[in-house]
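Both complexes shown next keep subunit A, but they swap its partner, so subunit B is in the first and subunit C is in the second.
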Partner chain A sequence: MSCDCNDKKVKLIGDNKTGFQTGNTEHTWDLQKLADSHKVLAEYKYELRPVHKGFAGRTLYIDLTSLQIKEIPVTEDMKKKFTGGRGFGLKMLWDTIKPETRWDSPENGLVLTAGPMAGSTQYPGFGKSLALSVSPSTDIICDSNAGGYFAPFMKFAGFDAVQIHGKATEDVVVLIDGEDGAVRIETAPFDETNSHMVAEQLTHYYAMEDTDRARQLVAVVAAGTGAENSFWGCLNISFYDIRRRVTRLKQHGRGGLGTVLRDKKIKAVVARTKPFDALTNNPVDPDKMADVSTRYHQEIRDLDKDQCNMRTVGTGHLVEIMDAYDLLPTENYRFGSHPKAFNLYSPHFYKLWTQVIPDGCWVGCTMACAKAVDGYTVMTGPYKGQKVTVDGPEYETLGCAANMSIWDPLWVLEFNFYCDTYGLDTISAGTAMAFYMEMYEYGILNKERCDGLELCFGNADAMMELLHKIAAGDKSEFMTAASRGARRMKDWLKTKNWGDAQLIEDTGMESKGLEYSEYVTKESLAMQGGYGLTLKGPQHDEAWLIFMDMVNNQIPTFADKAEALHYFPMWRTWFGLNGLCKLPWNDVEPTDNAQTDEPAKVPKHVQNYVDLQNAITGWNVDKEELILQSERCYNWQRAMAAWLGRGRRKDDWIPYRSMGPVTVLEYVSHQERYDKELVEKLGLDAKKVECMKVEDKIKVMYDYRQSQYQKLADAVYYRRGWTPNGVPTPQKMKSLGFGDETKMLAMLQQKIDEDDAAGLNVWVGEYADDEQPPSTDLKYWEKW
Partner chain B sequence: MSIIVNTREMEYIPEETMTQLLKRMKYMFPLVVVKIDGVVIPRVEFPETTFPDGVNIEIIHLISGG
Partner chain C sequence: MATVKLIRFSADKCTGCKECETACSGVHFKNDQGGEFSAIRIESTDSGFKMTNCNMCGLCIDMCPTQAIKRLPNGTVIRNKSMCVGCLSCVGFCPQGVFRKAPGESVPFKCIACGKCVKACPSGALELVEVELSEVEAVVYHKQGVC
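Presenting the complex of A and B:
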């Protein structure tokens, strides 16, 4: 049935008085009431036109304060400098925000982008969107990627990216309508807020007809009440699963981007597209795409089951591997394995997943690592007793459970469901909550200080209650601090003068204000850099070097590690420029990969990406140019961090828990390893070490490992062409093709001059007589 | 008697196969490239592959995660 709403046709699905049935739950929303309440605040009509060589050729600008909507052409210069996706997002923010802009400033922008390769269906993992904004956690730009259908649909509807500024005065939905060429801002007073509800509701509401096929052409971006009331807000990106007949969710998890969405009073951004096919992204050479893709699909079909088994268990297989390698964080990263960890191994979830079939989050993905539990009966909170579909859990969410020492698979599903629907990042929430638990164990927090909650490791009920209280907007002093994450909790505890301030700093696992993702890094200096010497904070999507460093011992010198911390972040950045998933790159490998010169880079797959970018865009790039594309974006983002007042060496510092043992318990748990290091690397006498108190050994190691990290930072900054204080130099930017970006170049020179005046442009590592810093010339770049 | 595994000295166990060595090292990650004195050993040959005292073995774990 249909009705008129503000003079536009809106299709309603089912009986508007009794609701409709999804795959799991019978909803009783009054869709007539919903339609009546959707008043159009602003509308912009645009010309529908096909995607051309992977680009829609324009971006969309929306200001919710002034209700201005306009389109902005994508120039060839923008493509050349910023490629697409995340690169476009950075440029759009650079042009519209100010150095003093913070996450809740009206001018802050939330940008959702699709790269030129996003929306292709031939090769796996080509449906990613990249979201960017000034983060509430870090005060700098955070980028975050997600699957789901939004980015391709936005592009098919006519836009390579959308940037949303300003704040609405009441809850709104933004619709990008590729059916009739219109963008609308509509009031949404009665729409649901939490993601599993609003995504389902709006998928039905905006589908052009009451069919599964029509629902597959709608994608929703949403957050939830948790995002409103914390700094951990994620953006959920929906896709309608025709087999389950339910709307599913993938997440832009990191950095609080969902918090920005709700601060702008946006309940959802919706993209609706016309039917599409393999050529809707309009590649220059579809035959080449088909050729490359067919070979790759065969690799997955033949090899995945004997390699990472992604199609069967997804990223969950990493739990047992990380546990075996002492890398699975348990009890707030104190340890890397646990006798009860087997309870979270993938076979337990294999039994829970329903319809265990290849299951992707974008069309054509044969890696198909998405997994879901249908008909899960919620055990707690506002949806208690309802049956829902839970996506995942992914490795990181399982790692959070391990970190809180909670070993119950059903609890993981509960935590995963509520984080998703409340619009909370499981990683940030889980890591921060593990820190609160350790503080509770030491008595720095206690039942009274935690509003009656007993946050002991393993107390699953208390952790769910904490999550519900945060999502409900509890504004007690403790809940306010807890909802803002590990960094703000550290500050709060120190302000209260509760406990040892250094212990608090050393054990709260955040850097730049963002919580760590779920890997123990104590024995891998390169991975410490992979978390600390990063753009947005400690997230594994820049570089994952633990095996290469700790297990393979392939990068023993600082220069080796710095080279890895140059190459791998550049390579992974490239996926974000193009709208791709990283997993198909190296979670399956060709049979002859071992015979190649650099098997860790999976050269055949790199060549696939070269061929595919050329086949889509018509460009003529090689693998070196792919890295250059990333290097431009990477340096621009770091430069923007400096512009926003951060992006220096002090901002790249990491808590000591990620460098080494903080407590006696941690040291003793690996005493043989640590004692050996004191003898072999620090040159202490073995007999003296035997007699030393553990506390004294910890202190010696504490100083040594922090010095090692500073030397690593020296080497990495030098390799990246940055100043010794971590600022990209104008000379570096010019070499990357930004010679005409005079505002950027002048800003960087000003920052460098300020650092000079403050005496900060110096190497900080303490070098022995037989060692040297990366360069004896502190202004080495000036000779370029 | 010893062998070198990923630059670290390990005890040599006569007649140990590559599969057994991986188990001893607790190396369960599936995407590994194994070289004995620079020669790549196909995965299917791990169960039958033995090696002499003093060899240099590289067990390269390819990056995954994330």
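Presenting the complex of A and C:
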């Protein structure tokens, strides 16, 4: 074994009595037993060589069925068309899966990528990995980003990305070893499965020596028993926190990628690297990197405490802001604020988060938003009574708690801890359970139908019990439906004929099969598009337009909104192509940002990224080229969705709860606002509105807002150069440089012809006499 | 009583010859270029010469993600080159602006209170003094990095 140095039992956590003490429960791992049980099923030796201008220059292909391991060179054409990171992942899947491939098909690939800028140590947020696979929730490609050290270490070890296909016949660990240039598939019969355990265990197991420094050179990708038994599986990416002496976890949360990992019987993917520094990513112009980075560190130093306070409370600061602006989802998005929400405001967590800066999830990130609670005593489940470090909670997890009416910070930590270690996405689990709770309130679900769980809003015990049952593999009819998320629960409830089917459809907050993340979008049409007109599903990482649209009214027309729904998704996509975190872009803004031409774009920071990509790769790009890089990959991913049988207008449907008030209670809670809209926007007579029944007003508003959404979709598809049914056109793909991708172009033409034959290539919005659809020519792109 | 050695500057004695910078760059980079290669810097201002150099406050200790920066038992704050990953957190966050990165180097550097600049100064403008640590030490979370 490569870790002969660990030839004894190792006692962990708190064993070093100097420095910060977490107070966590100590574990003793028998690493010799682990070493004895790890049988090498396959090994591939490769030449260690330095990263060149941000690229390792090759990707890694692993097939767990055939035990084949090989390297694939990264060509200049690949870089030109797909940039890196998520773009590479898309191309790697396109080349290896089929239109019929689903999440559990053997040929489905799980791809972990590092972009060309990932692994630079100087500018904050340069350590992200992008993971991709066919999602169990959506049946299309889901991409998800995470911090932690895996992506940089994978690249330093020699690979820009790894794609894992096939299925192992027994539990395995995949090791990418940058110490001696080897990739190994090892059996892992006695390794832990749940993330907080296996990440710690394998960090110590694979560290070259029994030192904190050596442990800082190991990164683990893992999921857990929850991921095995649900569609909510997340991938945890570890990093060893040298101050806490704890293996911390960051998550590829969305889309069930952890479910794919466990379906392939992978307990962990591990990357080990030699010591690294600022030059390991081998930038062309390191001094430029240093200049830009130092200036930005200084901005954080001087401005963060008066702006978002990320260094102290992380994204948790958003709870009080969202509550104040009626955007914090409570009781399954029925409302945007709550009288008890103050219990989850960041000052309550400030007392819990250990302030052991730096809290960056990659070295050099002085934004340091990766907060953690140490010595938390677990209250339920298999780890009850143990003291652990909880990574977070971040805003989204807090929003999930609000959505379930859980107002006790300790229960939020409990939910957060178990979701992470079971390998469950807090967002999907929280949003889905909030939906189940609303169904319970209406009697559509009840105690009997929920296997004895009283799943009402605010019942933290029941919420946790549901998670424990999922992780334990409970396969009852209810648990099977519940563990597969809101979409499958809707289908199950409708099959059972247990309630109003329309109410069920309107209130389950999912689109494409993926649960919503935690913002109320009812009053922002642009943000509805920001959730619905997306690649993977309703996730705010493409666009966050609520303030631009609703608060500041900066994008009043459909064309304005469509432009925003072009630019921001492209811009935010760019971070994933390069292995970067988005937060440093706009969670600190220069003091003169408001005086710039386009404050929402934070132009000075955009220029930083232009300079940094050039400094690393040696390319000579400008800010327009950055958008073009994204546009290529964005369109490719949408085209792949069409290829996989989705990616059309019907798939961009969103539940009405995200557009407007579904129930009388919701309407009445904001009656003045809604009545005013009926008069001012729909042109109803004010006196008539006064006399209307609330149910009738809801119906009128329902039709109006649905129509508005379709008009928005028309405008956005047109701006993106797609057909009226939402398919990227061959002409668009050619304009992006894909003229020689004949298989892709032919596939798209076939999809468009099928839509034509079905009469689907038409604008769907209802336009008044004084309004125009985006174009009178439905095949406007053919003239390009 | 814990103490720490610092470089103290007497502006009225400084002639701006920058022999101190030359000596400093010799210590850190084995060259005589001074300037960007020197931890200590002398600049001319309207009110006379001004020195910028580390005051050993130790705030940088907390900024380092790899614990490459420590305060030695003698009080001096030092950077361990082999542990440094060149993230420049210390450079960006130093309140004095005296944690520096030289051109072409991958890791930053700072004054180690070696006193070479004091010896090199022909006019006696610099001296190595010992002060109580409590006078200069900045707030350090959980006293991390203390040997």
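By our rule, the second predicted complex is superposed on the first by the 758 of 784 C-alpha atoms of A that agree within 3 Å, B and C clash if a C-alpha of one lies under 4 Å from a C-alpha of the other, contacts with A are read in each partner's own complex, and residues count from 1 in each chain.
As a working rule, a residue touches a chain if its C-beta (ideal position, glycine included) is under 8 Å from a C-beta of that chain, and two chains touch if they have at least 3 such contacts.
The shown structure was predicted, so the numbers you read here are calculated from the model rather than taken from an experiment.
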Notebook entry, point to check: After superposition on the shared chain, which partner residues are touched by A:I357: those of subunit B (first), subunit C (second), both, or neither?
Noted result: second
Next item on the list: Could you look at A:N586 and tell me whether it touches subunit B, subunit C, both or neither (first, second, both, neither)?
Entry: first
Next item on the list: Determine, under the contact definition given at the top, whether A:W571 touches first (subunit B), second (subunit C), both, or neither.
Entry: neither
Next item on the list: For A:W722, select first, second, both or neither according to whether it touches subunit B, subunit C, the two together, or no partner.
Entry: neither
Check: With the two structures laid over each other on chain A, which partner does A:Y519 touch: subunit B (first), subunit C (second), both, or neither?
Finding: first
Next item on the list: Go through the superposed model and pick first if A:F335 touches only subunit B, second if only subunit C, both, or neither.
Entry: neither
Check: Both subunit B and subunit C contact which residues of subunit A?
Finding: none
Notebook entry, point to check: Mind pulling up the subunit C residues that touch subunit A in the complex?
Noted result: 62-67, 82-89, 91-93, 101, 103-104, 106-107, 141-144
Check: Given the complex with subunit C, which residues does subunit A contribute to the contact?
Finding: 19-20, 121-122, 212-213, 216, 242-243, 275-279, 286-287, 290, 293-298, 300-301, 355-358, 360, 363-364, 366
Margin query: If we count contacts the way the header does, which residues on subunit B are in touch with subunit A in the complex?
Written below: 6-8, 26-31, 33-35, 40, 42, 58-66
Item checked: Residue ranges of subunit A touching subunit B (in the complex, touch as defined) -> 306-309, 315, 318, 320-321, 324-325, 395, 519, 540-541, 544-548, 551-554, 556, 568, 582-583, 586-587, 589, 593-595, 599-600, 602
